[in-house]
Amino acid sequence: MKFNRIKEIIGFGLLILSAVLVVLILGIIIFDIAIKGFGAISWGFLIDFPKEGMTKGGIFPAITGTIFVTLITTLFSIPLGVSAAIYLSEYAIEGRLTHIVRAAIRNLAGIPSIIYGLFGVAIFVQGLNFGTSVLSSGLTLGLLTLPWIIATSEEALKTVPQSYRVGALALGATKWQTIRSNVLPYAFPGILTSSILGLSRAAGETAPILFTGVAFFLPRLPYSVFDQFMALPYHIYILSTQHHAIDQVKPLAYGTTLVLIAIVFLLNLAAIIVRYKLGRKYYLK
Amino acid sequence: MNFKKIKEKAIYIFFFLTGILAVIILLGIFLMLLINGLQAFKDVKLLDFFFGTVWNPSAYEESSYGILSMVVSTFMVTLGAMMIAVPLGIGTAAYIAEIANERIRDILRSIIGILAGIPSVVIGFIGIVLVGPFIAKVFNLSSGLNALNGSILLAVMSLPTIISISEGAIREVPKDFKVASYALGANRWITLIKVTIPAAFSGIIVSIMLGIGRAIGETMTVLMATGNAPAIPHSFFDSVSTMTATIAIEMGEVPYGTTHYYALFAVGAVLFLISLGVNLIAELVTTKYRGRRT
Amino acid sequence: MNKLSSLIKIKVLILLFVIIFTGCVRKGVNDTFIQIKGSDTEVNLVQRLAEEFMKEHQVYIAVTGGGSGTGIASLINKQTDIANSSRAMKDEEINLAKDNDVNPMAIVVALDGLALIVHESLPVKSLTLDEVGKIYRGEINNWEEVGGSDLEISMYGRQSNSGTYIYFRDNVLKGDYSPKVRRMNGTSQILEAVRRDKAGIGYVGIGYIIDDQGNVKSGINSLKIAKDENSPAISPLEPENVISGLYSIVRPLYQYTDGKPKGNILDFILYELSDRGQEIVVMEGYYPVSSAYIKMNEKLGIKGNEF
């Protein structure tokens, strides 16, 4: 009996150790970046353009570039993704076709990001002749985000009780009217939350934008969607690997990393706040 | 009356089209990879491609397009990553599901959520500035940019997936199982090991498969931190070049329409098929043991 | 609420059209924009030159790296105005360009010497060119074979998209690299790596190993290179050695354009070759264009130091 008790203590101890290790990993990462990156952060760092071959100055164009390309991603993936989710949740009849569609979504979610990059080069940069641009990169990132948006939006739609739909239909509303007035508004918080999360992932991606439009040294901001752009994740990549004065710019790399993580963190926070505030408003979950 | 019906039908068609979009995209990606990749085999022999160990498209003498080394490298870092992430992940999942109280559970879930949101380039950066030098110091190596570094970083990236899905699987084990086990005199640990986890096995396998998929497909992390040596690795302390890293490095340097260009798509096709395979296994496990699935 | 969601959708669609439409209008109006892509060896030099040039001219110059291979591919794919390349274009590449209606013209804007760097604690101070080749081909594996201690040689190099990689292979190795060479993402990474590696050796542009004060950077040493066993070992640190050709690993840094350069592109290239431009070249750690290359540029109608 006692032996079993000892086993239990050791066993549970190991489990606690695992959890502690995972927390420690995150802690080390965040602390290292925060401590070494904090020194580089200043108002100038955020507002200025890079100077003297990126060894001084700021990352303003990278921040705006990331925002710009994420905007394109949003415009492309959210309407399409939510619409696809509406189809799956409201219109589709469960059968072989929906089985295939859902399988396709699951598989798309698992495809390596560099493959999306290849696809972007072949279709957007070359095929549709958009060239290396914000548009090409935004669309590529949009494809990457689409499976996530579809899956999570469908989840949100599913949480709306069936009675809401049935009630509206009983009153004579058409299917679309029902969806618009009795389903969508209640799924909205969930859709918004997961969209924000999905977009925060897109903002941090590097591989899909590598060959579809990002650049390291651009003297001005992109004027149109057909221009190239700078982006935070690519900036970090170059500063830490290919730059000609890696030692000198290491603090800048840390600073850029801190800014990127801060943005991702803020977006995650926004998603959580949206979930609480709007969720409460509609008396759901 | 008629107008309304037409409008509803049009709306239905719109949503139907967006619905099958995912299938179209998946097929599109596959076709693009296949069509471009196959063109490489005009100049490269199939056997050389799949079993050649030397990938040297811009060689001094003869170009060679063998992917074996990079396939081995990919599997090596993935295996290493799983050796770290699986025990750690399942252990943490068990902790969250079985032992932790409500507050700790929420805190841990948020922490794992944050870990999941860290961009891959940041993890790669940490590999260059923190983990790599650490490995070099501890093992007295000249450079910490090797397969071990890659494995550790990939483990960090797969952990959130493994933890959250395993946790879900463990929680879904019916309470009756546990109650019955306690009734027979087993303590919590024995119940966990001999009853709960085996019952959650299929879910745990799914989480591992998805974690593997994540590790295989990771690009930036391995590109920055594994040293990129094209030789077949003999140990975890060797520098390796994975399939994803090779594509990422060389895609920028190939003029469109060359054999090298098409060969990279062929590598992409192999990668695509491997991730499809991993996903398929995950789905088979799910349908076979869970019963209910869409 | 139903009005809200459809209103949002309409607004979104309008925004989408506006953005894409303005994009369409802007496309093609890019006369004052010069795109330069390519060699990582040249990228910071050309960036510097571009920065200075832009101070006095109303032009936008975007300079990105990616390696000489990337630059050449971009030129062939008509995605750049100038391709920086630290190696000459291969015949296949020139043919591909011509197939695509691109006519590559080479201009030499600077000279670059490649130094072999090792960890500062390494007792080996010089090597012959042949020994360097053997090391990187994998035929010599241990430092004791060339006068050092029993330490396995740890090699660092660039990736295949780098002109430096190709140049070093074609001119020093004259054969293929050993698969054990670690392919770093850039010159700086090679420097960092050798600094930490007691058995390390790497090839980098000479400009990279000298700091702002003119001293060799800490942690590394550059090897003296002898042309063959009977020649003296020459240090890459004396500029005269490099300019005169006494130091054996020197190469021209090219820029390729589609056809003869005109307009803003020509102005920029002339600026690079002017006295002020060549001053910047030297400041950045490279060497001014020697007479042989001035003659070559002249054939294109570009008079060496005229601006």
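Going by the order they are written in, the chains are A, B and C; count residues from 1 in each one.
Here is the rule we go by: a residue touches a chain if its C-beta (ideal position, glycine included) is under 8 Å from a C-beta of that chain, and two chains touch if they have at least 3 such contacts.
No experiment lies behind these values; they were computed from the predicted model shown.
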Category of the chain touch graph - line, ring, star, complete, other: complete
Chain whose mean Cα position lies farthest from chain A: C
Most heavily contacting chain pair (counted by C-beta pairs in contact): A-B
Intercentroid distance (Cα basis), chain B paired with chain A, Å: 17
Gap in Å, rounded to a whole number, between the CA centres of chain C and chain A: 35
Set of chain C residues in contact with two or more other chains: 184-185
Residue numbers of chain B (touch at least two other chains): 224, 252, 256
Residues within chain A bordering two or more other chains: 241
Contact set on chain C toward chain B in their complex: 66-67, 69-70, 72-73, 76-77, 93, 96, 154, 159-161, 166, 169-170, 173-176, 178-185, 193, 196-200
Interfacial residue positions of chain B with respect to chain A in the complex: 4, 7-8, 11-12, 14-16, 18-23, 25-26, 28-29, 32-33, 36, 87-92, 94-96, 98-100, 108, 111-115, 117-126, 128-130, 156, 159, 163, 187-190, 192-193, 210, 213-214, 216-220, 224, 244, 247-248, 251-252, 256, 264-265, 268, 271-272, 275-276, 278-279, 283, 294
In the complex, chain C residues that touch chain A: 1-2, 4-6, 9, 12-13, 15-16, 19-20, 22-27, 40, 43-44, 47-48, 50-51, 54, 60-65, 79, 184-189, 191-192, 208
In the complex, chain A residues that touch chain C: 52-53, 72, 75, 78-79, 131-132, 135, 177, 180-181, 184-185, 188, 215-220, 223-228, 238, 241-247
Complex contacts: residues of chain B adjacent to chain C: 54, 56-61, 69, 133, 136, 142-143, 145, 223-224, 227-232, 239, 241, 249-250, 252-258
